[in-house]
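First chain written, first letter: the chains are A, B, C and D, and each begins at residue 1.
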Amino acid sequence: MGKGRLEAFSDGVIAIIITIMVLEIKVPHGLDLAALHPLIPVFLSYVLSFIYIGIYWNNHHHLLQAVRQVNGRILWANLHLLFWLSLIPFVTGWMGENHFAAMPVALYGTVLLLNAIAYFILTRVLISYHGRDSTLAIAVGEDLKGKISVVFYAVAIPLAFVNSWFACAFYVLVAIIWLIPDRRIEKTLTS
Amino acid sequence: MGKGRLEAFSDGVIAIIITIMVLEIKVPHGLDLAALHPLIPVFLSYVLSFIYIGIYWNNHHHLLQAVRQVNGRILWANLHLLFWLSLIPFVTGWMGENHFAAMPVALYGTVLLLNAIAYFILTRVLISYHGRDSTLAIAVGEDLKGKISVVFYAVAIPLAFVNSWFACAFYVLVAIIWLIPDRRIEKTLTS
Amino acid sequence: MGKGRLEAFSDGVIAIIITIMVLEIKVPHGLDLAALHPLIPVFLSYVLSFIYIGIYWNNHHHLLQAVRQVNGRILWANLHLLFWLSLIPFVTGWMGENHFAAMPVALYGTVLLLNAIAYFILTRVLISYHGRDSTLAIAVGEDLKGKISVVFYAVAIPLAFVNSWFACAFYVLVAIIWLIPDRRIEKTLTS
Amino acid sequence: MGKGRLEAFSDGVIAIIITIMVLEIKVPHGLDLAALHPLIPVFLSYVLSFIYIGIYWNNHHHLLQAVRQVNGRILWANLHLLFWLSLIPFVTGWMGENHFAAMPVALYGTVLLLNAIAYFILTRVLISYHGRDSTLAIAVGEDLKGKISVVFYAVAIPLAFVNSWFACAFYVLVAIIWLIPDRRIEKTLTS
């Protein structure tokens, strides 16, 4: 079974998720800059989620390139990832509209954590199908970034109830780790 | 006539259907967990419909792989299926917001039934075009799962007025039947 | 310049148009059948527009198959068609929510007429690029259905102010003409 | 790394952006022409933004055709462009609903300016990857239109506070410059 439609369907779903988030930034009624003021937290949470979904699309793109074929289990592991990605617009909206209050920030981190787990499951299902010696298994490698992300989310979620900005700082940090090209981050961490 | 654009268009429509359902989970105004409480039935109905649309996409993917060419009748049989799929977000929202009341649950089942019929029509139109001896006809086979689904929906719809949770249990059961790989379910049913 | 992305982009836009129309069928608050009663005209106008957009996608699919290459003018003629198609959800919602009142029905027909004109322009631009002797020019042919459609819309629009149901009957008639395979309709009309 | 999925994902996002803008044209409650009257500025801003996004899709289409391969930096430069494009529906809605008041018109121009900068960055990243002698670098060339656009936006944004219609005239002018085929505009400007 080819991977073409899996890629096309995932692209479609991710494109819609990244775009409908902007619908949460409701057009205000006032016509001066002050009318935009309450939208600042909504906008900031939009920027963060846009980057996160961009990272997932990027990683998904790289991961699928090493894939040769797909089976039923892979299709479902992929749909499972798309399910958790589809909840990002909701938690983004809730976090933004409540000005980064503790509970919404913790839930945002929980959904990020569940996405990270879903992505991990997808890589495992793909590797078990392609073999431990496949290009895919080598490309995924140790997945240091993935492991760091999970640890950071696990720290950030309870931290949200102490200070929600600290939790947000962790989310931003994870995004930065993924944005830095692989070689540099690995060099930094192994040195 | 090639099948490429039929697949691309179907992928696009199904990707949008599966994603816009999440817009029914409206961002609440409160900022504690209690604010999320009324969203639980909406979320549960979202999960069920996400799995159903995932199953349809999966089956559509498999079905179209055996297809060689398409004609006007096939394009319309496919659009007919997409029409009923497009009503799933509406019935999902109605069922979720009314906490699985009898009438919304019955209508949900009715739309699932109409989807099953539309899918059946699509397979018939495809087989009549490719021939009874085609790989496609063999791949579709007896379509035991399809027949069981129709029977279960037909039982569940009137049952919703007795106890709507029993009806929902049938919908979940049908989803499970489709999620179990074909070989195991067939073995179980023929033994 | 290849036609691949033109098809992909058009498929994407048409898939979104056909799907977001369903968002006009707002989830009602009541939980019995009576709650669905006011949605009947909205649903009927959705069905009609779904069929119309299906027809346009079908025709677009056929038209583009005979196309070899595209240029800037073709890209814009195509975007012009997509623009008028994108207004169908709006006029569908207005017509449905106002129970097929005169003005919304007339505007619906006007948008259909503008779509027909935009489609006609697209075929002309394509033929002028591919040549009068091209497969494309032969495939488009006399475009009898297109001409009848324009006449029927032109009759239906003023008729909406006399009796809006008569106008709707014309819109349904045009849809039926397009749904009947070409050979039969041509035979009927030339006999 | 191939460019296929980059194109597919961009097509998806741009298709959604161009289509969800129409959701800003809310279905009115009245059933006569007067009910449509307040929608005229919303409609006009929709037309302008539709043309702008059409121009971006067109240019993106042309740009990517000369591209051979993509890397991580290109993927992010492309996502950066899609981010600013995704804000066009918001500023379009704000400008339309406030009848082209000064601040919304200035913000609209600012988002257009940021889109122009994001597009410029994308072309630079692509050229630095493909080389200064590549077909891509030659195809992009002097980018006279791009430079004029930035100057016109920079003039229009402060002008919006003097007279917002003058600013809009500049936005329309930039759109016209892009719609005129390259040869004619270059001839005009160099003569």
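Throughout what follows, contacts are C-beta pairs under 8 Å (C-beta built on N, C-alpha and C of every residue); 3 or more make two chains touch, one makes a residue touch a chain.
None of the values given here were measured: they were computed from a predicted structure.
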*Quick one: compare the interface residues of chain A with those of chain B and tell me same or different, with half as the dividing line.*
different
_Turning angle required so that chain A lies on chain D, C-alpha fit (0 to 180°, nearest 5)_ = 90
*Could you put a whole-Å number on the gap between the CA centroids of chain B and chain C?*
27
*Could you state the distance in Å from the CA-based centre of chain B to that of chain D?*
38
*For chain D, what residues touch not just one other chain but two or more?*
8, 12, 15-16, 20, 23
*Enumerate the contact residues on chain B facing chain C in the complex.*
1-2, 5-6, 8-9, 12-13, 15-17, 20, 23-24, 72, 75-76, 79, 82-83, 86-87, 89-90, 93-94, 97-98, 101-104, 107
*Please name which positions on chain B make contact with chain A in the complex.*
7-8, 11-12, 14-16, 18-20, 22-23, 25, 27-29, 31-33, 36, 47, 50, 54, 57-58, 61-62, 64-65, 179, 181
